[in-house]
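Below, chain A partners chain B and then partners chain C, in two separate complexes.
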Partner chain A sequence: MKKLLQIALGILAAIGGFVDIGDLVFNVEAGATFGYQLLWVVVVGVVGIIVYSEMCGRVAAASKRPVFDAVRERMGFGVGAGVLIASQFVNLMTLAAEIGGAALLLELLAGLSYRGLIVVAVIGLGVAIWVLPFDWIERVFGYMGLCLLVFVVGAIKLQPDWGAVGHGFVPHADTGNFLLYAYFAVGLLGAAMTPYEVYFYSSGAVEEGWTPKDLGLNRANSMIGYALGGVLSFALMITAGALYLPKSIEPQFIGTVALAADVPLGTIGLILALVGMLFAVGGAAIDTCLSGAYNVSQFFGWEWGKHRRAAAAPRFTLSWIVLLVLAFGVVMTGIDPILLTEYSVIFSVVALPLTYLPILLVANDKAYMGRYTNGRLANVFGLIYLAIIMVISLTAIPLMILTNGGTG
Partner chain B sequence: MTEVDLAVGLLDHQLVDCNGRRCGNVDDLELSLAGEPRVEAILVGPPVWRGRGRLGRLFASLSRTPTVRVPWPEVEKIDAAVHLRKAAPEYGLGRGDDRLRPWIERIPGS
Partner chain C sequence: MQRLRGLLAAVLVLALAACGGSPHKNIESVQSLATEGALLARQSEHGDATTVFVRVHAGYLKQEANKLAHALAGQRELRASRVASAVARDLERLRHGAAVSADLERLAGRAERLAK
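Take a look at the complex of A and B:
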């Protein structure tokens, strides 16, 4: 019974923690531009993150190794160092984007100046990481993120053309502007499969001391939690498609996203949407920040972990503080957070194969995994997604240039 | 006796001391090729990164920490990590964390 409760709570946290600034921006922009046509891409992305987070949760439980131990052991120091630099660059950009998004949301909730609220957001995040134990971080932000379910209610209340929604789940590319369609497809995949999610998931599993006994928990969290989390992505896109496409509104501002809940549900809907987005983005910021510290500590073999006192893992602690300060500097330059989000998602796509390949290799290694190596299903999906990731990582930057960053 | 593939099963693996503290990675191995080839020691620290690619050289040039040599008999067992018999400071491992600790301890709640 206790086990079931633990699994249920884990699933809830996974749902609430699924959405981040990248999902918010790309789902809403894709919905406003192409209606429901790209829903099938979200399905592809959600299945991808399920496949790889299940795999690295299993690697963590069976071999006690987080992702960056595997990266260095299997790719060596030289290549591993390259992966480290690329992933830290992406982590920094993602963190800066999440902080900027949090400040924009605070601005809508509290109405103070944007720059002042960046300071508030960074201090709030720093204190939360410092004070809260690992499982509390996951739960507080995950549960509050569940406020985003208001978008599901909103999407239904808007009475979209369900036939068109259903058609959106069938893969197709029926558009006059194929490049823009492809750009959004790549962005949606990148937003669903952001690398920090697997870094954080696997390091978290090691922190919580998972053993093969926890493989059920791993499967429930990754499969059910992320699948239901994907429903939030559908809801965002459907809401945007129903609301903005007919009126040709281009949501260039995060407030437009929240308004999508205001129109069908009124002020309560608007506040729930803003609070949900704030905690979703804040939780993602913490995950990203800690991921950066996990990666560098694991690569160099330093002591790491939130389950230890800060002073028991000094370089790990310093790493996340430095990353938070650097991201603060990036946001304070005044760069548009929405633009920053798009760049961070597109660059993260470029770095994805470097993250997923070593996981796939280790998950097939008997010396690491014993009898928990990948089954045929995990390998078929793992290889298919590795191929998809290769394609999108090669096309991401050309598409961004050709479509002028999605502005057509 | 268990077989260990030195390149995949030992190199770049995590070192853990007798208190369960993570204290570096197996950055390189010292081999003796006179007679029966065998591993003499585990080498840890930035200077040995120089032999490990361009980025290794770059990272090594940014640090002044010396190489630590852990003689092979100090290895107690190898599983997900390489476990050592004594505490990290006795080998000179984990010095970066030890030097930084007093600063982190100044922050309340550390």
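Take a look at the complex of A and C:
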């Protein structure tokens, strides 16, 4: 019974923690531009993150070591350093975007100045990381992120054409602007498979002391949690497709995302949407920040982990503080967080092979995994996704330039 | 080396071309802002949104409308620029609680006709 409860709580946290600012921006923009046509891409992205998260969790449970540790050891300093630099660059951009998004959401809730709220957001995140134990971080932000389910209710209340919604799960492109369609497809995949997610998942498994006995928990968390989390992405896209596409509204602001819940559900819908988005974005900011500190600590072989006191892992603690301060500096330059989100997602797509190839290699390494190496199914999916990742990483930047950053 | 320079130049040209919207794109954006403003205004008039949300979100929409008004004036699309300025004025009134949904819908219609 206790085990079932643990699984249920983990799944709930995974659902609430699935969405970050990249998902919010790309799903709503895609829905407003192409209606339901890109729903199938969300399915592809969700299956991808399930496949690789399960692999990462298995690596952590079998070897008791996180993926980055294994990457450094098995692939050498040069490759490891390349992966580290790319992932830290993407992490910093993503963290800055999440902090900016959190400040914008606080502004929409409280009406205070955006710059002042950036300071509030950074202090709040810093205190949360410092004070809360690992599982509390996961649960507080994951459970509060469940407020985003308001978009599921909103999507139903808007009474979309369910036939067209169903057709959206079948790959097709009824558009005269195929480049823009491809840009959003790449962005949606990038938002669903952001590198920090797998690094955080893997390190989290070590933080929580997973063993091979927890492989069932790993599968349940990654498969059910992420799959249900994907429903939030569907809801965001369907809401935007039903509300904004017919009115030719191009969402450019985070407030436009919240307005999509306000129109069908009124003030209560608006408040739930804003609170859910705030916690989803705040949780993602913490995941990104810790992920950066995990990566650098694991690469250099420092003591790391939230389960250790700050004094017992000083360089790990300093790493996340430095990342938070750097991201604060980036947001304070006045850069538009939505624009930064789009760039961070597209640059994360470019770095995806550097994240996912090493995971696949380590998960196939018998010396590391023993009898828990990838089975045939995991390898087939892993290779298919690696091919997809290679293609989108090569096309991401050209598409961003050719579509003027998705504005057509 | 020359090939690399050529490639870099091509990327730069594409990047520069990507900066700033065409007049048609800008007019479409004005229509989008006016329509979204009208939607927000209607929610506000029905008491279906918090005053803080309306004030802050209308502020962002207004800023963008002002930017578009300047851009369109620079592109010699003076009628469209005037529509964008009117949208910005209505959004400023919305920030202070005025009922402007009908005005913004009318302006969205004008922007749509100009875009055609």
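Please note the rule applied: the second predicted complex is superposed on the first by the 408 of 408 C-alpha atoms of A that agree within 3 Å, B and C clash if a C-alpha of one lies under 4 Å from a C-alpha of the other, contacts with A are read in each partner's own complex, and residues count from 1 in each chain.
Quick note on the criterion: a contact is a pair of C-beta atoms (placed from the backbone, for glycine too) under 8 Å apart; a residue touches a chain by one contact, two chains touch by 3 or more.
Small disclaimer: the values here were computed from a predicted structure and weren't measured.
Overlaying the two complexes via chain A leaves chain B and chain C side by side, clear of any clash. In the overlay built on the shared chain, the residue A:69 is in contact with chain B alone; chain C does not reach it. In the superposition on chain A, A:271 makes contact with chain C only, not with chain B.
Of the two partner chains placed by superposition, A:306 touches none, neither chain B nor chain C. In the superposition on chain A, A:402 makes contact with chain C only, not with chain B. In the superposed model, A:315 lies in contact with chain B only, and not with chain C. In the superposed pair of complexes, A:139 makes contact with neither chain B nor chain C.
Contacts of A:58 after superposition on the shared chain: neither chain B nor chain C is touched.
The gap separating chain B from chain C at its narrowest, counted between C-alpha atoms of the superposed chains, is 22 angstrom. Per the touch definition, chain A reaches chain C in the complex via residues 107-111, 247-250, 252-253, 255-256, 258-259, 262-263, 266-267, 270-271, 274, 401-402, 404-405, 407-408. Only residues 5, 8-9, 11-15, 21-25, 27, 44, 49, 52-56, 59, 79-81, 94, 96-98, 100-101, 103-105, 107, 109-110 of chain B touch chain A when the two sit together in their complex.
Interface residues of chain A, counted against chain B in their complex, comprise 63-65, 69, 72-74, 76-82, 85, 130-131, 300-304, 309-311, 313-315, 317-318, 367-368.
On the side of chain C, the complex with chain A involves touching residues 11, 14-15, 18-19, 21, 25, 28-29, 31-32, 35-36, 39-40, 43, 47-50, 52-53, 55-57, 60-61, 64, 112.
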